[in-house]
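Next up, some structures in structure tokens.
Each of the next two complexes has subunit A plus one more chain, namely subunit B in the first and subunit C in the second.
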Partner chain A sequence: MKLALLANISFYIPELIAILTMCSLLFFEAAYSDEERKRTFVYIVGLIGLAVCMIMLVANLGTEPKSLFAKAVVIDNFSTSMKMIMVLGTLGTFYISYKSNDIYESLKSEYLVMAVGVLVGGMLLASANNMLTLYLGVETLSILSYVMTSMKRKDSLSTEAGMKYALYGGITAGVMLFGISHLYGIFGSIHFAEIAAAIPALEGAKLTAAIVAFLLFFVGLGYKVAAFPFHMWSPDVYQGSPIPVTAFFSIVPKLAGIAAIVRVSTTLFGGDSSMSLTWIAFLKVTAIMTMTVGNISALNQESVKRMLAFSSIGHVGMLLMGVIVMNEMGTNAILYYALIYMFMTLTAFLVTCLVSNRYGSDKMVYFRGLVNEHPLMAISFTIILFSLAGVPPFGGFIAKFNIISAAIDSKLYTISFIAAINSVIALYYYLRLAKTMILDPSDGKDQLRGASFVSHLVVAGLTIPVILLGIFWGKIYHLYSFAKLYIDS
Partner chain B sequence: MISLVSYLAISLLLFFIGLTLMIARKNIVAILLGIELILNAAALNFVAYSRFAASNIDGHIFSLFVIVIAAAEAAVGLAIVIHYFQLKETIHIDEATELRN
Partner chain C sequence: MSGILNLILWLPVVGMIGVLVTPKGKDQLVRYISLGATALTFIVTILLYLRFDESNPNVQQVFQVPWIEQFHINYALGIDGISLPMILLTGLLFFICILSSWTITKSVKAYFALLLMLESSVFGVFMSLDFFLFYVYWEVMLLPMFFLIGIWGGENREYAAVKFFLYTFFGSIVMLVGIIALYYATGKGPDSFSILALQGGHFTDMTVNVFGTDFSFEKLFFWSMFLGFAIKVPIFPFHTWLPHAHVQAPTAVSVILAGVLLKMGTYGFLRIAFPIFPSAAVEYSTAIAILGVISVIYGAFCAMAQNDVKKLVAYSSVSHMGFVMMGLAAMTIQGMNGAVLQMFNHGTSTAMMFLMIGVIYERSHHRWIVRPDGTKGYGGIAAHLPRYTVVFIIGMFASLGLPGLSGFISEALIFLGIYQRFTTITVIAVLGLLIGAAYLLWMYKRMFFGEPSDEVKSYSDMNAREVFYMVPLCIAVIVFGVYPAPILNIMKSSVGQLVELMAQFQ
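Right after this comes the complex of A and B.
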């Protein structure tokens, strides 16, 4: 029995490598005394570690779905694909942190340590199969995120953002835990499979208690993905954090949270008991409100970081819509959306990072006339903005199209209609930034410092997948149709 | 004999005291205290349910994890609050309003 538990480790190698990477980064970070050499070394080790982790994830992709460690963790193709996207996103934010002036040079190696730590939490969350691993994943994500937010020590904005994040995060995690404790009392188990088996038999007072407990439980998850009404922290934290941290937050914790919500919803609420209907109705309202509030609040933001924060709230609304569909079409669409969203977010934040390196601020006015000085970068960013808004033929359109078609396939007409309207609203603020870059005259300032030829190439290189995934989407989408969610019973 | 209901009542009371602290008090340290109360309410629930309702020790294990995580969270939270105090010389939540559009 005990040896059988140990044998499971062979499926858990990617996570182990990520943990090992984090530990060795921490070790090298402390061991080297020469700042310059330490940074180079830490970046190389981080890169190699995550590359190996990525290879191991690819190797895991084909295997049979399996639940490990006494059903605490599930390894299936859905979670593996999600982890691959998260690892890629982390690698991308490594490059942003390498370029950015927004975090102190001496803290860049610490950024890597903490980013890999959050990634470990995200991987745990993406494959959590009982309440304990889910809670551990959420807290591993959160506690390190608080530190990452307040990384700019001398900046009062960053510290204030970190404090707000820690307070809101602590409250919501506590409320979620309180919900979980009552779920444990009602069902007598913390395993998703056993809870799912007991849900249809609920009635009377127990049913009411379970509904309340599940709502409390959703608070923590909704907070992690910044779903309405727990999204209020998101713009503040995004604005206060250094840019690489903001880019990281809009990718890894969000996708991990979405993966957890998908697993919770499909495992626990797959049937059509009254409990499931309540949960789905609740998710529906949340999804509608999340995308509407996110897109409308983004309309008149001057700070690009803050605008991207609100726009990412809008995207979470779309992803939640994919959750409501609750079938394979929905999960495939979510994976595809997550992949494109990762590329788009990375590019948007990389350009914002380069601009704010030069001007020390990410206000929209500093993007004026970017196309005159850096045509490649400005055009790539414009493509990304169109893609974020969901204009064909770019990847963002296909991603939205897949989600909406999955929703229409399940006869969710109202929410699909609202999602379509939201895309139109989103077009306004994305195009406002595009217009600033292309049509407004530049104020004749010199070129962006630090924006080397290589970083231009990286911006363009990150745009290419978005274009390609918009045109040749069949292959990847077909690939993701193998990424089934494994429901353990 | 102390029953499950008394434990639940106490934990519910702790939960609401914690929530009230967080909503009503403007002192950041008091808000952190409120978070701790909520976490402890949950831990108490786990142990009580494990003893009375469920026939396994998952609840005990869960409460141990909760204690460890609560400590980590308090450490990080307090560190950030102390740093905030060093920068701004206040721990009043209403004065933390720099982040606006």
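Right after this comes the complex of A and C.
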């Protein structure tokens, strides 16, 4: 038995490599004395570590899905694909953090250690197959996130955001744990599969108690993905955090949370018991409210970072819509959306980071006439904005198309219409920024600092996939069609 | 399989790439490349016309390759008698627009590149036989339009560009839900995105549940398509974006907008909304006819109240597109033929009007018939600019529907068609013609007669380039006014087939 557990490790190599990377980053951080050389070196170590991690994930793709460590984690193609997107996202934020003035000066490379730490938590969350692993994942994600938020040490907004995040996170984690303990009391198990098997037999007071307990349990997950009504922390935290951290928060914890919600929903509530119907009805309301509230709140933001934060709440609503579908189409659509969303978010934040480096602020006015000084940056960002809004022929359109398709396939017409209307609301604020960058005259600004050739290359390199995935998406979509969710019984 | 449609579709894109790779500062070269690309495209559209089989009501020159196989999405192109006139019109108008844009000096490269991109996407809309492809082109068209209005437009251009984009996007995203719903309603089969296979009223008996209530599938999604197309046409009450977009857009973009893009809306009705949901279309034809007649009257009254001559012509487009909608709602042979002919004729006559306004704007830098402070804007042009006056008169009378010029025939056909079904509406709509004549003649009187002011005296008459690009339109307006048979022959059999289909559901 013990040997069998040990043998499981061979499927857990990507996570181990990520942990190893984190440890070696800590080690090299301490070992070097020359600050500048250390910085470069540490970045290279981080890059290599995550690249290896990525390769290992790719190697895991083809294997049979299985549950490891006494069914505590599941390795299947869905979780592996999600992890790949998270690792790519983390790599992208490395570059932003390398460029960003927000962290530099006071902190040199601590960002990497914590980002990889959160990534490990995210990977755990994406594979979690019982309540405790899930809780562990959420907490690993959260605790490091609080620190990352306050990385701009001298900035009062950043400190405030860190405090808010920690308080909010602490409370929701407590509520979640409270729910989990109830669930254990009701079902006598923490394994998803065992709970799922017991759900149909529930009735009377036990059923009511279970519904309440599941809702409490959802609080923790909802807070992690910033779903309505647990999204209150997110704008302040996003605005207060340094830009690379904001970019990171909009990708890794969100996608990890979505992956967990997908697994919980599909494993626990796949049947048509009254419990499942309640859960889905609840998710429906949450999805509708999340996208609507997110998009409406984004309308009049002056801070681009804050606008992107609200817009990412809107996107979570779309992703939740994919969860409600509860079938393979839904998960495929979610994976595709996550991939595109990762590219779009990275580009958006990289350009925002460069502008904010130059002006010390990410207010929309500083984007005025960007196209005159940096045509490539402005055009790429504009493409990204159109893509975020879901205008063809860009990837964001296909992502939305797939999610709405999955919903309509399951006869969810109401939510599809609401999602469609939401796209129009979202388009307004994206257009506002696009208009500012392209149509408004510039006020004779200087070149952006740090907008080197490499930055241009990175921006182009992140935008091109968004265009290609909008036109030739058949192949990638086909790849995802085998990314089935594994439900062990 | 035929490549000629691909040639038309991608020639502008080749031109666009050519424009983009031209080194900085070679503006004149950029203009010639664009001119060459559009001229070649126009020549190919004429070749397409020569190869067109007028007796065949079905789509021709089909080109189809799989695009996304899992969803059965194809890159499918084809034309029939309804789309060919639009393609000819598009080819001609873009060629003329490049010529009329010769004087643009702000970011020349970007301007011509966007214009060429627009041309390609417009062709895409008129050629697509695949619903997904259609939607992609329908939306892609918004991007160049947004920038063309927003960068090269008038004072309030940004507001106009954003409003245009939002309005159209709203309509089309609601349409997208309909497209996806159709895909699943047909069982995700190999023909689920094929516009032609969806036609014929297969969805009459299905129901859907939205907002907790059961709706008829056919009716619900007819309206979702209706919204998308009606905003584009635009039919009252969805027309409010149009005056802003027109007034702010640069001349060439106004020409394209009025000449071609508005027709995409009515084309959508002809190709998609009517044949796919025939019984809903028949059921609601009265409502559509009423909205059409409101557009006619309301647009005409709005036009009469304008002091900005471009806004006046913009509202006249609302009015004239109302006639097209009435013709469609009639669902009779004459009405439908009249509608398609009116789409073509309005394209040429309104393009003339906008071009002529552009010509005078280049000299005066204002467009006031009467300035906001009550003083006279233009006046006495007739005495001073003879060439301009002659061309303007031709365009105006074509627009007004004077017998012998193109507008008359199509409007007469529409009235013939609609009288059989909606007598009252016809009577009211005839009043629209009267108001139309009134506002155009009144405009003409105020702009052209009287003593020329010193400012008007300083204007130069049309130069050779301007005369050159107006000539083809003058010819089209006169020739098709006297002898509309060439255009009618193209569309006759395809329109006949559509009318037969609609008749089955009446």
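The criterion applied here is as follows: the second predicted complex is superposed on the first by the 486 of 489 C-alpha atoms of A that agree within 3 Å, B and C clash if a C-alpha of one lies under 4 Å from a C-alpha of the other, contacts with A are read in each partner's own complex, and residues count from 1 in each chain.
Here is the rule we go by: a residue touches a chain if its C-beta (ideal position, glycine included) is under 8 Å from a C-beta of that chain, and two chains touch if they have at least 3 such contacts.
Nothing here was measured: the structure is a model prediction, and the numbers come from that model.
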{"item": "Combined model on subunit A where subunit B meets subunit C, clash or fit", "value": "fit"}
{"item": "Contacts of A:P392 with subunit B and subunit C, given as first, second, both or neither", "value": "second"}
{"item": "Contacts of A:Y413 with subunit B and subunit C, given as first, second, both or neither", "value": "second"}
{"item": "Partner chain in contact with A:I251 - subunit B first, subunit C second, else both or neither", "value": "neither"}
{"item": "Partner chain(s) touched by A:W473 [first = subunit B, second = subunit C, both, neither]", "value": "second"}
{"item": "Touching partner for A:M321 - first (subunit B), second (subunit C), both, neither", "value": "neither"}
{"item": "Vertex subunit A angle, Cα centres of subunit C and subunit B, expressed to the nearest 10 degrees", "value": "140"}
{"item": "Superposed model, subunit A: greater residue contact from subunit B or subunit C", "value": "B"}
{"item": "Contacts of A:A378 with subunit B and subunit C, given as first, second, both or neither", "value": "neither"}
{"item": "Shortest span in Å between Cα atoms of subunit B and of subunit C, once chain A is used as the common reference", "value": "23"}
{"item": "Overlap of the subunit B and subunit C footprints on subunit A, listed as residue numbers", "value": "none"}
{"item": "Residues of subunit A that touch subunit B when the two form their complex", "value": "131-132, 135-136, 139, 142-143, 146-147, 150, 153-154, 156-157, 159-164, 166-167, 170-171, 173-175, 177-178, 180-182, 184-185, 188-190, 235-236, 239-240, 300-303, 306"}
{"item": "Of all residues in subunit C, those that touch subunit A in their complex", "value": "67-71, 135-136, 139-140, 142-143, 146-147, 150-151, 157-158, 161-162, 165-166, 169-170, 173-174, 176-177, 180-181, 183-184, 208-212"}
{"item": "Of all residues in subunit B, those that touch subunit A in their complex", "value": "8, 11, 15, 18, 22, 28, 31-32, 34-35, 38-39, 41-43, 45-46, 48-50, 53-56, 58-59, 61-62, 65-66, 69, 72-73, 76-77, 80-81, 83-84, 87-88, 93, 96, 98-99, 101"}
{"item": "Touching residues on subunit A, where the partner in the complex is subunit C", "value": "386, 389-393, 397, 401, 404-405, 408-409, 411, 413-414, 416-417, 420-421, 423-424, 427-428, 431-432, 435, 438-440, 473-474, 477-478, 481"}
